[in-house]
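The structure's right below; bear with me while I get my questions together.
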Amino acid sequence: MLARLKRSVTASGFSAFLAMEPLRCWSGESELVVELTPQLTQHHGFAHGAVVGAAADNACAWAAASVAGDVLTSSYTIHLVASAKGERLRAKGFVLGSGRRQATVRADVFAETGSESRLVATALASISKAGR
Amino acid sequence: MLARLKRSVTASGFSAFLAMEPLRCWSGESELVVELTPQLTQHHGFAHGAVVGAAADNACAWAAASVAGDVLTSSYTIHLVASAKGERLRAKGFVLGSGRRQATVRADVFAETGSESRLVATALASISKAGR
Amino acid sequence: MLARLKRSVTASGFSAFLAMEPLRCWSGESELVVELTPQLTQHHGFAHGAVVGAAADNACAWAAASVAGDVLTSSYTIHLVASAKGERLRAKGFVLGSGRRQATVRADVFAETGSESRLVATALASISKAGR
Amino acid sequence: MLARLKRSVTASGFSAFLAMEPLRCWSGESELVVELTPQLTQHHGFAHGAVVGAAADNACAWAAASVAGDVLTSSYTIHLVASAKGERLRAKGFVLGSGRRQATVRADVFAETGSESRLVATALASISKAGR
């Protein structure tokens, strides 16, 4: 699963640009990190909102994929709770419920500097199983 | 306002990469387009989800900025209703209500090919006024 | 359709208590009104948040039912934009997109006093088709 | 705090009808229960969606009130993950982040029968501090 995800994130232009690294994807849980290189930040070193959103969305989709195979994001809600400033973002996804056709998934996104970690965003997503 | 937005979208690495073009930003409404170059799409020519999300988020923030000055996205919900395949995305934002501290904004994102246009996503956001 | 909805809203204790009156339910659109009797308001005559939420949820579900038959609410997001004070609430639902398994629906809720009307809440919902 | 909440839920018609019982409200956390009497259920004994929504909304608002005083719900998103059937609902709220003007709060709603408990809904809310 991790090997397949790693291939998928380097396959296309935009995913390769974001360079999300999957660390864990198993039994309804996922974890990924994104290094906050200058090309992913805005003025003052904050992660661009789209990078935070993509980290949350990917963590949700990957957690759902670990129990449901091919999936598509149907909707997500993201609340930004603190400035996304740091050396990297870490996102963790967790499937809360899974039916025949879709899964409800929560993700938290943290900004990390050295050994410090701070919650910067939380999301709730509906992820659909493909082709059903 | 448009000139200021245009400068801001080319100022930083990630915004420049996304290359959202503001067309209109006035009296609580906004409109922008994004050309779907290969670097913004996934396999099969679909816009990457983060690009659709960023188009909706920017349309909401810019519509709010037109009535409230400096703003920050506080939260947004996006529902993906069709595949985001086309030559470009067009997003339109519209302020539904605005209080002392935040605005509620709706945005619709369309995928366009030639003169055809199709709704691909809709969003609802809370945009906070900065520093209040 | 309206007759069936009217029977369903008087059939059970809580629906009868809320007494939402369906006015229109056709081709992906719906409209309903709720009289703001003292039992549905909080201190100072404002509609209780659960009444505003139920009006939005029902408008979304009924609009979806008009194109999809038996439905169940899967998720909804509601933004409260003004105080829900007035003689009655009016909610209008509108299907934005409908796939094989679910519909994305928008609803606006207005508070009315005499001939004045004011937007008090807006919602975005995913409504699932039952049994598929 | 609990005594104040208990007075507020019996003060007005609709809150008294819902009869949410606050159990805990302290340091950004809250817990409440609702007995699923026939008047709060639909056909087949399921809790009406508006009751589930109100339980989640109250849990979020009360958790925020425990750190912020007077509050108002600004927006919430609720995902329904299983049928809300049981003897009672239990909702737990937890403040994820709190700024000068608003708090981001998560709530989970469980349906209980005897000693069995099942997650039926999860919510994410923005709760505003009143008058600021």
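Which chain is which? They are A, B, C and D, in the order written, and residues in each are numbered from 1.
Keep this in mind: contacts are C-beta pairs under 8 Å (C-beta built on N, C-alpha and C of every residue); 3 or more make two chains touch, one makes a residue touch a chain.
Please read these numbers as outputs of a predicted model, since none were measured by experiment.
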Problem - More contacts between chains, A-D or A-C - result: A-D
Exercise for the section: Examine where the copies chain B and chain C touch and state whether the two sides share over half of their residue numbers (same) or under half (different). Expected result: same
Problem - Superposing rotation of chain A relative to chain B, computed on C-alpha atoms, to nearest 5° - result: 180
Completion exercise
Expressed in whole Å, how far the mean CA point of chain A lies from that of chain B is 20
Handout entry: Distance between the centres, which are taken as Cα means, of chain D and chain A, whole angstrom
Key = 28
Completion exercise
Between chain A and chain C, the Cα-mean centres are separated in Å by 33
Practice task
Could you list the positions in chain C whose residues touch two or more of the other chains?
Solution key: 74-75, 77, 79, 104, 126
Completion exercise
Interface with chain A, chain D side, in the complex: residues 77, 79, 81-82, 96-97, 99, 104, 106, 119, 122-124, 126
Handout entry: Complex contacts: residues of chain B adjacent to chain D
Key = 74-75, 77, 101-102, 104, 126, 128, 132
Completion exercise
chain A contacts chain B in the complex at 11-15, 17-18, 38-43, 48-51, 53-54, 57, 72-80
